[in-house]
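Have a look at the structure that comes next, please.
Just so it is clear, A, B and C label the chains in written order, and each chain counts residues from 1 on its own.
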């Protein structure tokens, strides 16, 4: 309450200025703003989810295309004036957002499809809508005998074709943790991978931002990278020479979750949106090419464009505890900067 | 601007400066103040005063190095754009109206291609199997593909294209206003072309160059997307650092320190250009 | 340039300047050509060299069904850029006039202040602005985006206008005033025609940099006020969508046609370039 009155007082103070005449767009009850990842997710949700939400519930969904870290930063900066109603997040940013108290609770009883999801996929403030699988991607034309383990990525002739990316993304972080394990480290001791990185750095084809990887891959600067099946399949569907492979130690998996932003004025609409996303109708379409999103609804039969046969496979894959990783991440990023920089 | 005043002796006309001044106060100075306060805060809730972020930043040689690298990148961009911009401007002023129209269109071209797609074009040009490497190999100028992408050299080349219009537009504006009879007189008095360039064209075009250099320096040092995509992760500049600290690590006070540092450092550079110009003009 | 090159040193001057000019023009043109050629690809993904040529991505870009969200973002961006440039041009020109002949240290300081948004890292400014507006309780809207963009682009116009003002002979003012002309009249008949190219050049820079602004738009735009570069960045990154290249191609063609038409009509381009 004090927050509100302080804000009201501040607002009054500037009401004399021209800024006060700026309109505050009121949101109609039948509308919702949802954050969505750029690229495939944006296309898929715009094409499949939005029309279904409109048809079933009469709600207009507008999408704000933002990466997970951008979403969290934007909501934090907005300080209680939510810029959108729903997050879509990976575990790393989700843990950070939870710690910062940016979620409103989700009422599972309002989700008609709640029972269709495997146990554990609905939490008090999160609903899993998609499973991501991370492994090694390579160009089968240039690399006929791809590496079989994380460690082999750092050997010739592979390392000369490898595109590295750091700790700023979820898939980059978990891949580097797995590589650390391959050289004798663990999620709390990633010393071995830093040692290895320093050693191979003069040889690697590129150390890049994740955003640049698809372009670099396609133009032949790199022929090997680590990314999720979803990205790989999308590029493959567009005619890029790319193949996915799970390392011998197992592919990495993590879930993508939807959340309601704290202070959202469209909580009902947000529940209906989330319910539609996990419904069999949407999930069965989202798994098709070119979207290739691994479904979570038990009623959905997996199609063969995906790199897994059944959801049981996912249960055997490597997972990570982000409550362990997040506190160390800032230090890892700083160290990556310092040691990787020329 | 009273009728009897002489150039350089009047003060600021505050009434004319006020509208932009107040706009800046409302939409620029106020957010900036938040940034400054943030840099002295304990956390991103602006709770508690602390100089920890400042001491961490300036106490660490790595971060001091990043500041220097960023300024160096700006200076390199100014140097290389100057090297190409003057010859292009000379050709431009000497051309007829038809050719001038074509040249102007070419100069504006980089501005018409979004930063998003330009980065793709530079990957195509600079990558191992890229256009430039294929040309070098075909011409026998290199025996193996050069690594240009993700090097400072590659980044400066790419920035040159992106920033050149910012240098050229003010430069050709000012050079077009130079009375051609001055150059002719210099030539008629037996000066070589080099000397005419140095003694007539260079000093008279200085205001345009300063305007251009300011824009190029400021733009190159803050060109976040080009720096990260073309420069790659092995070249760390202040904007990259700000992005990481603000968006990934959520260390906003530290990001604020980096932002304020970048602002002050680049502002100092820009003021140096302006002072240089005043000095050169009065000397 | 029609003058004969008579000495070896003069010949060298011509060769050096000519070569550098050609190399410089090549640096300007080649990347754009690559974008244009890539936009004509027949494949489903951005690639160079393209396996075949077609106009399919221009069709896809114009298709109101498939590219509606791109069109909405384009209109938002155009509107914000136009408003910000128009308001910014007036404010910045006034400010440049205010500082034109002042030489005191305070004037230098104010000049640096007016230029400072240029050097503020956009990302930090975007973040700070969002916090500022949120503390005031404003929801992000197109108007706030315009305000943010004015700050970012006004320095361009301020800088180029100031540069062209230095070319203004103060004697012109004095004679105009001594002939009894009012200040407004002097401004309209003497100052404005001389500084107009500077304002135009600055306004052009301002407009395109607003259209291309990522960091401020990233924080101040919302689901309902999508901006073009943010939309294109997303399309480009993961899926290498060719429509991003087609958008640049379309923009180049539009500007080319505009320049030719304007040139035929008013000879305006020549004035702008001088």
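Details
The rule is simple: contacts are C-beta pairs under 8 Å (C-beta built on N, C-alpha and C of every residue); 3 or more make two chains touch, one makes a residue touch a chain.
Fair warning: this is a prediction, and the values are worked out from it, not measured in the lab.
Note on interfaces A-C and A-B: more C-beta pairs are in contact across A-C. Set against the C-alpha centre of chain C, every other chain centre is closer than that of A.
Between the CA-based centres of chain B and chain C the separation comes to 14 Å, rounded to the whole angstrom. Spacing of chain A relative to chain B, judged by their CA centroids, is 35 angstrom.
Touching two or more other chains at once are residues 46, 48, 127, 131, 135, 147, 233, 240 of chain C.
Residue positions of chain A touching 2 or more other chains: 19, 70, 73, 211, 215, 219.
In chain B, the residues touching two or more other chains are 26, 120, 124, 246. Residue ranges on chain A touching chain C, taken from their complex, read 7-8, 10-11, 14, 19, 22-25, 33-35, 37-40, 42-43, 46, 62-66, 70, 73-74, 77-81, 83-84, 211, 214-215, 218-219, 231, 234-235, 237-240.
By the touch criterion given at the top, residues 1, 3, 7, 9-10, 13-14, 16-21, 23-25, 27-32, 34-35, 38, 46, 48, 90-92, 94-95, 97-104, 106-108, 110-125, 127-129, 131-132, 135, 147-148, 150-151, 154, 156, 158-160, 162-164, 166-167, 170, 173-174, 177-178, 183, 197-198, 201, 204-205, 208, 211-212, 214-215, 228-229, 232-233, 236, 240, 244-245, 247-248, 251-252, 255-256, 259, 263, 269-270, 272-274 of chain C touch chain B in their complex. Of all residues in chain A, those touching chain B in their complex are 17-19, 69-70, 72-73, 76, 96, 100, 164-168, 201, 205-209, 211-212, 215-216, 219-221, 329-330, 333, 336-338, 340-342. The touching residues of chain C, when paired with chain A in their complex, are 43-48, 69, 127, 130-131, 134-141, 143-144, 147, 218-219, 221-224, 226, 230-231, 233-235, 237-240. Across the complex, chain B meets chain C through its residues 1-17, 19-21, 23-24, 26-28, 30-32, 34-35, 38, 83-88, 90-92, 94, 97, 100-101, 103-118, 120-122, 124-125, 131, 157, 160-161, 164-166, 169-170, 172-174, 176-177, 187, 192-194, 197, 207-208, 210-211, 214-215, 218-219, 221-222, 224-225, 238-239, 242-243, 246, 252, 255-256, 258-259, 262-263, 266-267, 270-271, 274-275.
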